């Protein structure tokens, strides 16, 4: 969808996930540090969150595919009719498809199934790689600024793919997870920026072959990232501050829960611990 | 062999190995998870499979070299005769040669020899790298679609080389092995796709410089990969489901076997365990 | 600032940090080797040094931003005034901004806060990457020598970004830290070299499209690096030699300190040890 | 030295080191496997070999620099004389210089000094990288075949730099060391191949812009590597076979040596073991 909405939709998805991750991972990090030595219920709680996240991701991917296919000027499921029909929309649908696969991998990983550890991260990394791959071959024959503003996106996309691939091998590395959060926020805000530059709401079109514009946009990309880092930092601090304030009460609740379970089934706890260590 | 068969032959090889791997590795993964703590006979069984695989790979590579050399319009072993003779066929022979070397490395690795751990993976990685290397310098002076459809192959080839190289250092990482399986299936089906596009069986030639065709082919590549991921997922699920159904009986058989050996030679078992851990 | 001073300023910063690191890390390495098994006060001392380093880095970044903005021909904070205002200075300010963020990350990492381990290294790696990223898109439409001499800088910048990223995952690897020191010294001396070549103090301008000049500059870059390696090597040797000379007295002082604390609070020591191992 | 000898000289150096490594590392690998649990004298013996290797490398680098400077048409130490003097020879001297630095790092690493573990590998990796870096900017304005045949070299050079860098972090990984050996042999034979093609001894000049020649040379490069792999494989087998034949006698000698030392100073042995594990 070559208009503002077509960029705002994926932008909102990435922004949403980036913001959510920048809260989720600091939360897990702080809870794990605090409950050092007794991680029983933290993994279970986060498994449920991962399940919900996977379902939402799959749903959003479905919404994205449907939107690309059935907007008024979309291909409505037709691929070839004397010539290729609306290939741009088909390419965007393909991008969403791989995020859908990533969502399904999230669901499978958080279910009690014998999936290999790290499947969810690998699927996300593949989805990001496919997005970058399609964008890369997407940019021919466009005006300089259009090409440049999209190719800048590739830095966040391939950077995200690489850092998520690293997560497959270094599980629960908070720093990598925060890096991913910041790159997702960057993608989100940059999709909006692309929308504002190429389809300005006030109608003042940018000159697409002005070298000054290209230089500004390059720098602007760095500012977006500085803001993304700031957001991640603020969310980390907030989570830390909130869990510390609620820490006394919560800590004792957990201890009570532990005492109760301690008597009954210490074997099942070990299984859980083992499970959480394996992943 | 610049025709449909010349692409179907390597395509079948890659597809065969990809499908086989997508069964073999989930099988090992599930068996190891089930027989946690008593891995005695699993590694031996898979060593034998690896041996057979190596022999087959070497044989297929030999078939490939022979086919490239002795097809009617092949070089028949002549390299230079006033000018270079059929360099394309020679290059393809060279690619098969390195898969032959990889097959020999598989045989050596699965034999009781003091080969360094990971030799088979490194040899496969080198074979994939050489394939990509030769393809890369292979594509000059061709029409755009021909060049593009072959260069897309490089993503699967170099991706496979990189992921197999990672396996050298992270042995028995199921996820990397599944990634390799999926990339091999992708290569297999894409060789067929190249054959269908460049040498269509129904005779309707594709326009080789149509931008729409190039855009479709790029997207089609992603669809091939989505199907490859689906196949790997289905095979994983089937293997898991079948081993679970047969698990009760098999598990007890193994236990009986264990009881028998336990009395006799616990020292040889330790040696086996050590061996399987070393690799 | 397109003049000699504009290159001498960042050059001095990098040179200063490179030289400082080439003393700091050998010092930590030698002290840790010597006090094997009793690392109590070494980490605390280096935490304080890291704090000071972070404060200085933030201050230098602030100085850099101010200098770029408020030199006589600077933008004085104006970004757009009918056309983009002095984008070069704005880009340089952006580079300094990310070093400022890196300085703040250093301060946070060395403070007793629950920051994820390796945050300081990741922030430095991002700062180097952003510097390289902006430089890369900075070089269009310049004479060959100007373009070449700046693009050589990218080797040190991206090399530094990559090696610092490795440090996130391999903490306290002395070799990587020395590599970083040498690359920082290289950047520092090369900024001076760029200044000398493009804005010669004696006024003899270099021919900017002479192939010989480009070949010499390429080789000259390697010589700079050889000198940087020499400096790091000399500093390492000096530190080793000095700590060995002072070792006897210092060692016994530390032992006395240890004996004193041993009685009082062995629990706090354990906490410290744990902390230093975690990082 | 743009003649056959100028390529034969570095070719011989690389070939010599590649062949030597393909004997040394299998030897260490087999001895360590055989003397499992009692590695006392193996590391000491190889430390001495490393020292000799470092001295030879430094000497060869010195010979290389002298040859490039003081051949009849060399620069004889003059760098600038109205114009740059013989920059090619200066660039080659610079390449040799970094191999000299690598040699010195080998000497320092094998001496009983507190050098960081992996220094020798890092220095070799830097030397290979600098060689590749200078070659990369070396190739402008040359005929296609000349440019292609040199750029193929870069695959071995940068591949060697990357694999040697990996060795910094994965010490004593036999597979990586064999990979390095094979890439050094490849570089050695390829230097000879470049000499034969560009300065044919029989005087039959190759057509430098014939596409067939370029295609053949690309394939020929793969054949060189297949031969390099074969050589490494043969040397590995020979070493294994020879050590097995001599194993009985040698093994018992070592055991006698062990018995003797066991009584006297078990503490010094532990120190040695610790040292060999640290590295």
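Some notes on this structure:
Per-chain numbering from 1; labels A, B, C and D assigned in written order.
The criterion applied here is as follows: a residue touches a chain if its C-beta (ideal position, glycine included) is under 8 Å from a C-beta of that chain, and two chains touch if they have at least 3 such contacts.
On a predicted model such as this, the values are computed, not experimentally measured, just so you know.
Within the contact network of the assembly, the step distance from subunit A to subunit D comes to 2. At the interface between subunit A and subunit B, two copies of one sequence, fewer than half of the residue numbers in use appear on both sides, so the contact is built from largely different positions. Taking the CA centroid of subunit C as reference, the farthest chain centroid is that of B.
Our note on geometry: subunit B versus subunit C, Cα centroid distance of 45 Å, whole angstroms. Put simply, the C-alpha centre of subunit B and that of subunit D have 32 angstrom between them.
Across the interface of their complex, subunit A is touched by residues 83-84, 87, 90-91, 94, 97-98, 101, 114, 116-119, 122, 126, 130, 133-134, 137, 140-141, 168-169 of subunit C.
Against subunit C, in their complex, subunit A makes its touches with residues 29-30, 33, 155, 170, 174-175, 178-179, 211-216, 218-219, 222-223, 225-226, 229, 240.
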